[in-house]
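Consider the two complexes below, in which chain A is the common component and chain B and chain C are the respective partners.
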Partner chain A sequence: MSRVLIISFILFPFLGLLFGLPSPIRLDEVLMNTVFYVISLAVINVWLGLGTAWWLIFTESRWRTLVEWLVFIPLFIPVMASMFGMYIVLANVGLVGTYAGVLLVLLVSTLPYSIRLAYNAMYVIGRPLLEQTMTLPPLPRFSMVLFPLLAATMRTIVLFSTVIVLGQFVLVQLIGAGLIPTVTTQLYQSYAGNDVSLALQNTWVLILLPVLLYIGLGGLFRAAVRIMKERLR
Partner chain B sequence: MSRGSVGLSVIVLLLPLAGLAFLAGETASFEWTSLWRDAAWRASLAVTLYVTLVSTTISLLIGTWLARTVRIREAVWLSALLKLPMFVPHVAGAYLFLLLFSGGFPFYGLVEANERHHFVVILTYVWKEVPFVFLMMLGTYGQLNRGYLDMAKTLQLTRFEQFKVAEWPFLLKPLLDSFWILVAFISFAYEVPALLGVTFPELLGVLAYERLTTGLFLNANESYAVALVWTLLISVGAFVSYLVTAKRRRRIEKGVRR
Partner chain C sequence: MSLVVTKIQKNFKQRDVLNGVDLIVDKKEIHALVGVSGSGKSTLLRIIAGLETADTGTVTWDGEPLLGTPPHKRRITMLSQSPLLFPHLSVGENVTLATQNRSREQAEAWLDRVRLPGRYDDDIHELSGGEQQRVSFARALAAEPRLILLDEPFTNLDPDLKYELQRLIRDLVQQLELTALLVTHDREEAMLVADRVTLLEDGEVLATGTPGELYETEPAFGDFIELSGSSYPATMMEVTEEAGEPVVLVRQLNRFGNRLGEYRLATGTYVILPRDESFQVGETYYLRKKKGVV
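And then the complex of A and B:
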């Protein structure tokens, strides 16, 4: 009985997707902007997340505690509150209304999660195993050992950052000064304008992007690891 | 390679703190009592506390319970199922709930979107946050030493007492972490309550954003002040709760000093 309840609780919101015909998906500026932000933030988050976590695992620097705090604290600050402040900062340096400004603020809201995910994964793998890879030169170290070990984590980081990025309306609207349309900002406009089929199309895109990215990366990573194994044989 | 990325990360992570400092500078001459005199802010505070605490508490309870069930009964299907909401951004989830609860079919009349009690806002948050809490607690339950539970059973403690001595102390830290992350996230956001809420009383995030962006930024300082005060309140709350539980948490992490 409780099984049925849980399943229907999780699944029933997806019924909303069937409430009408979505307008056809077009490759316009809105979708291009969104895909651009999703992909660039996925890459930056994986790179900075793994790099910072690696440093945190190995460092003996006295700054370690400070960096740990810096990773921890942003989780407890409401994104919108710190963003109001960053708006003042970015307005002073002329980054409001630019692609770079929005990219930077989106990175601020995703990076703490990525570092945490990467750190937890490396902590579970354990320092001794990671230390052994230090005998290899950097490139084979990454491609032959770290990549297969961390592929699942990289996929999770991409999923988390993508879903957070796609969920931001205020951030893109305010820092982008309304000049940078994404699927998320379009959803609010089409909702306010009572354009149900467009809003529904936006919703489909917002859900399909993370799903496709997750499945695609899964296949890609599996294939890469298989090729690596065959080469080692 | 890692040193360069740490440098960049530190700069990025310092930005929110710099932002808060700028908020403080901007509101230095702000008349704080005017916030309290404004009925809209007072009503907003009350409804924000209500929505935040109710959705956070329900999410924590259900998420922990599900993690416990998965570990005890090894229900793999459940962890696969709970991944689904994680693919849905908050905005998309909110719009789906809006379609379901305002269109008529099949819940019409029972619970509706855009009403004073914010039931659908809470429902949306619970749907989105339960998987998050579940993941946080699943790790904890995975590391839990079953020996304590067996010991409690051997001593013939009641089921409640078994939970209290063999599970609860270990849940404290991840529950506190999840609680404050969710409170910070839910209490000052625009996306979900803007779609599913009402025009009065509005949640703090919605009211702050609307005051900020209407009327040529004339009311900007008001929104900045609210953002700053709210962040400080959450920080103080988190700090106090970690301080109060510090002794017990340390005992769990490092063992009793002999």
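And then the complex of A and C:
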């Protein structure tokens, strides 16, 4: 009974969508911008997340605790609180209203989560087993051991950063200065303008992007691990 | 000479773990590093493997500096207390991964050598602890290392399995003419497996020598007993001749090398360790356990 209740709560927001069919999704600038940010941030988050977590696991630096605190500050201070500070800095270096500025601000709000996810995964695998990989050259170390062991974490990082990126309206609007339209910003505008058709299309994009990414990445990662294992047979 | 460790210093949180350690391990030698927990022996091993950095000092192999060289370029492998096999790979895949050209044939040959033939496709979770440790050893050998580091690899095994694996590792290291550095706090293990022993206490080397030399000289003997389990006395056996007849004397010694008692062996069957070579008059042997009455 409780499971039915929980599932009902989760599905409740989506029920309304079943009453309206999505209009054909256009491959316009808005969608391309969104896909660009999703892919760029996914790649950077996986790369920097795993790299920083690896450093935190292995470093003997006396600054480790301080760095750990600094890296995780955005986890407990809401992004909105640091947003204006970021705006001032980015405005001074001329990054407001640019793709790079928006990318940077989205990275700041997603990276701490990625590092924490990767760190927890490596902590569970254990330092001794990770050390055992160090006798292998970097490429086989990553492709044949670390990638298969961390594939599920990488998938979670990608999805987590994607969902955060798709959910950020204020950050993109402020740092993008209204010049960088994404599905999220357009969705707010279509709400305000009562454009139901456009709102429905963007909503379906917001749903489909993570779902397709989840299914696609799952298949891709499984295939990659299978290919890797074939090389050892 | 092969591995030369010079004046290695390591400090963890204001505590000197290694305090100017010097160590020489000759080629094709099995060298044991004996010491109690916290004496710095595992830290030294990790520095040699490249998993830890040294504050000062040098580590060289045939004159080639190793510190600063990435672990995968040192040609050094390590066998730990736990097997540390990669859980997503089968038994054989774990070994294949370590071979130079990712060869299944080579991996199967290594599995044969550690007495696990036909287990290539088995899941690692299907193996017992001792079998997993043998796979781990096969993996360490498959990388064709010039030095193999053994960090208390027999600790979690039951006595019979422990003895079997000790013999297997000693025999294979000797057959393949490898150099090995074994870390242990077990005197019998050091005597059974090693050609030479170095005693380490509080990050400093106390003595180095063959097990026999350490047994026969003071203060090394006392240190050896104390650092490798002083709760039980050392047993020493001497084969001498009296009137043309071999006489076997058994001596029990305390940690100071004093004789607790001396016995002549009665007729019976005895298991002699560390080496099972035939007896020779004038040689000294060490008893591990015995059958019969002394």
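Definition applied: the second predicted complex is superposed on the first by the 229 of 233 C-alpha atoms of A that agree within 3 Å, B and C clash if a C-alpha of one lies under 4 Å from a C-alpha of the other, contacts with A are read in each partner's own complex, and residues count from 1 in each chain.
One rule holds for everything that comes next: a residue touches a chain if its C-beta (ideal position, glycine included) is under 8 Å from a C-beta of that chain, and two chains touch if they have at least 3 such contacts.
Just so we're clear, the structure is a prediction, and the values are computed from it rather than from any experiment.
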Problem - Which superposed partner A:P181 touches (first chain B, second chain C, both, neither) - result: neither
Practice task
Identify the partner contact of A:G101: answer first if only chain B is touched, second if only chain C is, both if each is, neither if none is.
Solution key: neither
Handout entry: chain C versus chain B, contacts on chain A by residue
Key = B
Problem - Contacts of A:L129 with chain B and chain C, given as first, second, both or neither - result: second
Exercise for the section: Please indicate which partner A:V89 is in contact with in the superposed arrangement: first for chain B, second for chain C, both, or neither. Expected result: first
Exercise for the section: Determine, under the contact definition given at the top, whether A:P140 touches first (chain B), second (chain C), both, or neither. Expected result: second
Fill in the blank from the handout: The intersection of the chain A residues contacting chain B with those contacting chain C is 138
Problem - Sites on chain A touched by chain C in the complex - result: 60, 128-129, 131-138, 140-141, 144-145, 148-149, 225, 229, 231-233
Fill in the blank from the handout: The residues of chain C that touch chain A in their complex are 50-53, 70-72, 76-78, 80, 82, 84, 86-89, 92-93, 96-98, 102, 104, 143
Problem - Interfacial residue positions of chain A with respect to chain B in the complex - result: 6-7, 9-17, 19, 47-48, 50-52, 54-55, 58, 67, 70-71, 73-89, 104-105, 107-108, 111-112, 115, 120, 138, 159, 163-164, 166-170, 174, 184, 187-188, 191, 199-200, 202-203, 206-207, 210-211, 214
Fill in the blank from the handout: Within the complex, chain A is touched by chain B residues 1-6, 8-10, 12-23, 26, 66, 78, 81-82, 84-93, 95-100, 103, 127, 139, 180-181, 184-185, 187-191, 194-195, 205, 208-209, 212-213, 223-224, 227-228, 230-231, 234-235, 238
